[in-house]
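Every chain is named by a letter (A, B, C and D) in the order it is written, and numbering of its residues begins at 1.
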Amino acid sequence: MKKFKWLVPTIYILFLMLPIYWLLNMSFKTTTEIINTYSLWPQKFTFENYITIFTDSTWYTGYLNSIYYVVMNTVLSVAAALPAAYAFSRYKFLGDKHLFFWLLTNRMAPPAVFALPFFQFYSSINLFDTHVAVALSHCLFNIPLAVWILEGFISAVPKELDETAYVDGYSFWRFFIKIFIPTIVAGIGVTMFFCFMFSWVELLLAKTLTAVAAKPIAATMTRTASTSGYELGLLAAAGSLTIIPGAIVIYFVRNYIAKGFALGRV
Amino acid sequence: MSLELKNVEKKVGQDTHIHRTDLSFQKNSINILLGSTLAGKTTLMQIMAGLDKPTNGEIWFDNKNVTGMTVQKRNVSMVYQQFINYPNFTVLDNIASPLKITGMNSDEIKKKVGEVSELLKLSGMLNKKPHELSGGQQQRTALARALVKDSGLILLDEPLANLDFKLREELREELPRLFENRECIVVYATTEPSDALLIGGNTATLMQGKIIQYGKTIDVYNKPSNLISAKVFSDPPINVSEIKKTGDTFSLLNDSVKWKSSNVKIKDGKYKVGIRPHNITTYREGSNSVEIKGKVLISELSGSESLIHFRNFNSNWVSLSNGTHQMNVGQEAKLYMNVDEFMYFDQSNKLVNHV
Amino acid sequence: MSKITLNDLSHSYLDKQNSDVDWALRNINIEWQDGGAYALLGPSGCGKTTLLNIISGLLTPTKGKVFFDGKDITSQTPVERNIAQIFQFPVIYDTMTVYENLAFPLKNRGMTDGEINSRVKEIAKMLELTKTLNNRASGLTADGKQKISLGRGLARSNVNVIMFDEPLTVIDPHLKWVLRSKLKELHQKINRTMIYVTHDQTEALTFADQVVVMHEGQVVQTGTPVELFEKPKHTFVGHFIGSPGMNIIPCKLDNGNAAIDGVKVSVSSQIKKSNFSKTEIGIRPEFVSFSEEGIPVKVLKVSNTGRHKIIDTECKSGKIKVLSLTSKDVPSGSAFLSFDKKYTYAYGDSWIIE
Amino acid sequence: MNKTINQKAWLFVIPVFVLVAFNAVVPLMTVVNYAFQETFANNVFTWEGTRWFKQILRSERFHAALGRQFLFTGVILAIQIPLGIAIALTMPKKGIGVPVCLVLMSMPLLIPWNVVGAMWNIFALPEIGFLGHTLNDIGFDYNFTQQPGDAWFTTVLMDVWHWTSLVVLLSYAGLRSIQPAYYQAAEIDGASRWAVFRYIELPKMKKVLTIAILLRFMDSFMIYTEPFVLTGGGPGNATAFLSIDLVKMALGQFDLGPAAAMSLIYFFIVLLVCWVFYNLMMRNETQS
C-alpha cells in the first residue's frame, strides 16, 4: 500500500491543474476557435488576447489598481496587528478576551451583508472609488486574521527574550523593532501571505467600492466579458494573468506556510 | 553596595506568591536561592531585577529606594534557564548589545567583548548565530552578555538546569571565578543542593514563597534553623525520625535503636531527628556510631559511592557510603549512624542542638 | 527475554560517508546478557540515542547486525522484536484513560479482555497507578505520564528488552530521585533486560550493572560502575565519570617510569611502551592526598561541599583536584601531593597503558 | 505562559480596534437602521419594529435559501474535511516533493473568486469545457446551466477544487507537528495503521481541524462570488445560496428593510454556529 501512496496527492494535483490548464488553453485561442472547435490544445496558437490586455489601459490599470490596494491593505493590516497581537500574547488587560472574540466575529461577517452599507458609508466620507477605500474595507476580515496568526507566533517566543532585552537596557520600542520583529519574521511572512491572499481574491467589496479609478482587475474582467458578448479568449487570458501574482507569492513563502501553521495556532 | 528587600510581598489575585520577606545581600557576594520548582525563586528574582513590582514593600539598592524604577535604569543582568539570546544577532552582537545601548564607542566595546568572550571560551565563534551553537555555548553567550556590562546585580535563574551533566559541572566550576574581581552582587537560583554547596557563598532556602533561612551556605547546610530548611537543603532527601531523650539515653523508633550520649545538651522529651544519608554508612565513622538494622530495598552503586535504601520499623531510610558496598535486595543490612552529626528538632520543627 | 548482541554496528545518517565525522556510530560491538540492567552513557551527540533506536528497530544500521539470542533480527520491525521503549518525554495516548493506555499494547496483540484486565491491574499496582486507572491519561503530571509509558512496556510479559531514552528529562528535580529508585526497584523485581540511555552519570551508574560509555560514536569502555570508576580505560571515561572527574596531568615517560614535573610517579601497571604523541597520568581526586613529599603544588581554593572538601591545586604541568573528608585539615600555600599507586594510571594518546 | 496584567496594553490594541470598528460599527448600524425601518426616499424613515424580521422568518424564500445553504455547507464539509485529511496523510514528508505539493496545492487559494467562477464556467460548459464535453462524451446528459442537479454537482465540485487545499495545508501542518516518538511508541506497541490514525494523529490534529472546520464553515456559509459567476444562482433558484439571495433582494429588488433584517439573521446564524461549535470543541479540551 505504501508503494502507491504518492498516487493520492498526484491525482489531486492533476485535478487541481486541469481547470487551470483549460483556462490557459483557452487564453491562447481566439474566441471564434473556442466557440467553433473543441480541442485539448490551441489549434491556432495566438497571443492576441494578451496583446489586447497589455495595450489597453482599462485592462492593465485594473492590475495596477488591484496590486495597489492589496499591498496597501497587507501593510496596514500587519502593521496594526503586530502590536495588538503582542498585547494579546503578553498581557492581561481589561476586556482582552471579549475584544479578541469581537475581532474574530468580524471574520465571520458575510461580505454580502455589508456590501450596501459599505457603499453608502464610504460614499458619505468621500472615499468611494479610491484604493484607500478597498484597502480599509479589507481590514475588516484581514486584521482579525492577522492578529490571530501573529498572536500564535508571538506566544511561541519566550517572554524571557523580552525581559533579557529590557535588562540589557533596551526600551520597549527599540527592542520591538530591532529584536522582536526580526525574531518573528517568519510569522510576519506567513501573515502577509494570508492578508495578500484574502485581499487579492476578494471581489464583492472591491467591486462595490470602486467604479473607475480604483477598479480591480477581477472586476474589469467580468464587466468586459459580459458586455461585449462573452469574449471568451480575452476573459481566459485576463483570468490567467490574475493567477500569476498569487503564484509568485506562494513560491516565495512556500517554506513558511507549513511551518507557520505548525508554529502558530496549532 | 547592597541589595535589600524590605518587607516585600507579592500577591497575584488571591494567591500570595511571595510572603513578607526581608533580605539583604552584601557587596561582592554570591547568594543562592535554593528551593524546589514553584518555591518562588523566579518571582523573587523578577522583583529584584525590576521586571515585576512587589505588591507591598520596598527594594533598596546602594542605599537608594529603587522600588518603582524600571529595569532599564537599574543596571542589572539576568540569565535564564532557557538559553535566551537574540536569534537574529551574531554571538558578537549579542554580547555587545548591552554596551551598544549605552552608546559606548566601538573600540571600547570591541575590547570588552574580546575580554569577556575569552573568559567564557567563545572567541572562536563570535560570528556565528546562536542557533548554530551547542546548548552549552548558547548559555555561555547569555552569560557573556550578562557579564560584559558592569552591572551591580547579576541574576542567574537556574542557568545550568538545561545543560548536560558534565557541562553543568564544568560551567558551575567556572562561575565563581567569573565574578571574582567584580563589584557586584550575584543571585543564583537553583533546585539542586549540590549547586549551592559547590558554589558556596550564601544561601537562602525557600519553600512555598517563604524564605526559610539565610546565611553562609555551609552554615545553612550544617545548621539548618529548622526541619524545612534541612529538607530543602538535602540531596538525597534527609531521613527524619521520631526520637525520645531521657537523661543520657536516646531512643529511636519504638526503642529499636538506643544509645547514650552526653554531648547533646537538650531537655528530655520527644524530638524529631534529621539524619543526612551520608551519616548512615556501612562502616563506622566518627567517634560515636550506633548500629541500625534494616531490610535492603534497593542498592545503587555509583562506583565511588553506595546508596542503600532500607526499611526499618515501617519507615524507609537512605544511607550513603563512600566506596562500593554491594548488598542484595531483601537482605538484612547492618549499618552505622554517626550520632554526633544528628540534628534535633523540637515539636515546632526548630533546630535545638548545634546552637 | 534474551541476550542481545551487537555485531560491528556502524550507522550514518548521510548517503555517502567521506570521513569519520560522517558516521554517527562506528564499529560497535556489545554483548548484553539476559536480565541485566545496562546503561549507555555519554554526552549529547555521542550517538547513544542512535544506538538505542537501532536496537529497538526504529532505525536500520548502515552496517553490522543485531542479534537477539543469537538470532539475526537486524531487519525486523520493532513489533517483531518485541521490545518496549520509554522516551525522553512521556508518550501517552491523550484520548485514552490510564487503563486503556496500559491495555493498548495487549489489545493490539489480541489478548482476551480477561487476561488484559488482570495484567493491567497487576502493572498498575506495581507502579502505584491503581487509583488513577479510570482517569484521562492526559490529566496526569509528568511523572505519572512517564509511569504510564513505562507501564505499557511492562504490561507485555514477554518483551525482550525495555529501553529508556533519558526518561527523567522532564521530571521535576525532587521527583527524579523517586522515579529513579522505582526503576531500580522494578528491575530487581521483574528481572527483565533493561537498557538506559542518559548523559547523567548518577542515573547511569546507580541504575546499571554494566555501563557502556560512548564518545563521538564509539564505545570507549564497558564495565561495571566500579570498574569505570576505579580503572578508566580512556581519559574521556576518567573525566566523564566521577564528580569531579579524574585529574589528567601531562607526564613524561622514560624507561617504564612516569614523572610529573620531574617527580617520579608510581603507577599501578607496568609501562611497556612509550612511543606516544601524548602521555598523561590519570588519578581521581578521591585518591590524591597531601603528604610530606611528592609533587609540589600550590593550593588555590578549598570548597566545602558538606560531605567533602574539594581542593583545587596547581602544579607546573596543570591543575590537580583533591577530594578529602571535611574533618581533615588542608594546608595552605605550598604543599606536596601523593597519589595512591593502586589507582594511578598512565595514558598514552588517551588510552590506558598496560 | 503567565501573562502580566498591564492596562496600558490597550494602547497597542487601539489601532486594530479603530480600524476594525471603523469598518464594522457604522455599516452594521446602517444595517440595523434599515432592519427596523421603512424607507422610500432619501433619509425618510418610518419605524417598522420587528416587521421585517417576522416577514423574513416566515418567508418560504428565506427558508428555501437557508435550507440550500445548510445543505451545501454540510455537503462540502463532509467531502473536504475527510478528503483533506486523506491527502495530507499521503503527502511526502521530506524532499523536493514537499515544496512542489505545497506550491501546486495552494494555487486555487490564490485565484480571485470570480476568476474561479469564470474558470469553472469555461471548464464545465458542455460545448466548450473539458468537463462538460467529456461527461457528455462518455454518455452523461450533463448541462449545469439547465439542470439543477448538474448545477449543484458543478458548484460542489468547484468548491472542493477551490478549498480542499486549505484543509490539506492545515492538516499537513498539524501532522508535521507530531513528535516522531509518538509514532515510534505506537510501532512498538504494535498499533495498526488505523489505530495510529485514531489514537495519535486525529487527537493531535484536533486543534487544526477545529480551525479548518470553522474557516470552511464560515466561508462556505458566506459564499457568493463563485456560484454567482458560475451559475448566477440558477437554474431557477437551485444554487441561490443565502448571500446570492440577499444581494438579489437588496440590490435587485431594492427591498432594503427585509434585506437588512435578513442580513442580521444571517450574521447571527454564522455567529451562533461558530460559537456553539467552538465551545463544544473547547469543552472537550478542558475535560481531557
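Heads up, the rule we're going with is that a residue touches a chain if its C-beta (ideal position, glycine included) is under 8 Å from a C-beta of that chain, and two chains touch if they have at least 3 such contacts.
Keep in mind it's a predicted model, so treat the numbers as computed, not measured.
Undergrad: Tell me which has more C-beta contacts between its two chains, B-C or A-D.
TA: By number of C-beta pairs in contact, A-D is the larger.
Undergrad: So, what's the distance in Å between the C-alpha centres of chain C and chain B?
TA: 26
Undergrad: Chain A to chain B: how many Å between their CA centres?
TA: One centre to the other, that is 55 Å.
Undergrad: Measure off the straight-line distance from the CA centroid of chain A to the CA centroid of chain D, and report it in whole Å.
TA: 16
Undergrad: Name the residues of chain D that each touch 2 or more other chains.
TA: Touching at least two other chains: 4.
Undergrad: Could you say which residues in chain B touch two or more other chains, in rising order?
TA: Chain B, residues with two or more chain partners: not present.
Undergrad: How would one label the connectivity among the chains shown: line, ring, star, complete, or other?
TA: It is a ring, because the chains touch in a row that closes back on itself.
Undergrad: Touching pairs of chains, which are they?
TA: Chain-chain contacts present: A-B, A-D, B-C, C-D.
Undergrad: Give the list of chain A residues in touch with chain D in this complex.
TA: 5-9, 12-13, 15-20, 22-23, 26, 34-35, 38, 40, 76, 79-81, 83-84, 86-94, 96, 99, 103, 105-118, 120-121, 136-137, 139-140, 143-144, 147, 155, 158-159, 197, 200-204, 216-219, 221-222, 225, 232, 235-236, 239, 242-243, 245-247, 249-251, 254-255, 257-262, 265-266
Undergrad: Touching residues of chain A toward chain B in the complex: what are they?
TA: For chain A paired with chain B, touching residues are 158, 160-161, 163-171, 174, 179, 182-183, 185.
Undergrad: Which part of chain D faces chain A closely enough to touch in the complex?
TA: So the residues of chain D in touch with chain A come to 1, 3-10, 12-13, 15-17, 19-20, 22-24, 26-28, 30-31, 86-87, 90-92, 97-99, 101-115, 118-120, 122-123, 127-131, 133, 161, 164-165, 168-170, 172-174, 176-177, 207-208, 211, 218, 221-222, 224-225, 229, 242-244, 246-247, 250-251, 256, 259, 263-264, 266-267, 270-271, 274.
Undergrad: Within the complex, which stretch of chain D touches chain C?
TA: Contacts found on chain D: 179, 181-182, 184-185, 187-192, 195, 199-200, 203-204, 287-288.
Undergrad: Write out the stretch or stretches of chain C touching chain B in their complex.
TA: 43-45, 172-174, 177, 181, 184-185, 188, 199-202, 205-207, 225-226, 228-230, 239-245, 284, 286, 303-307, 310
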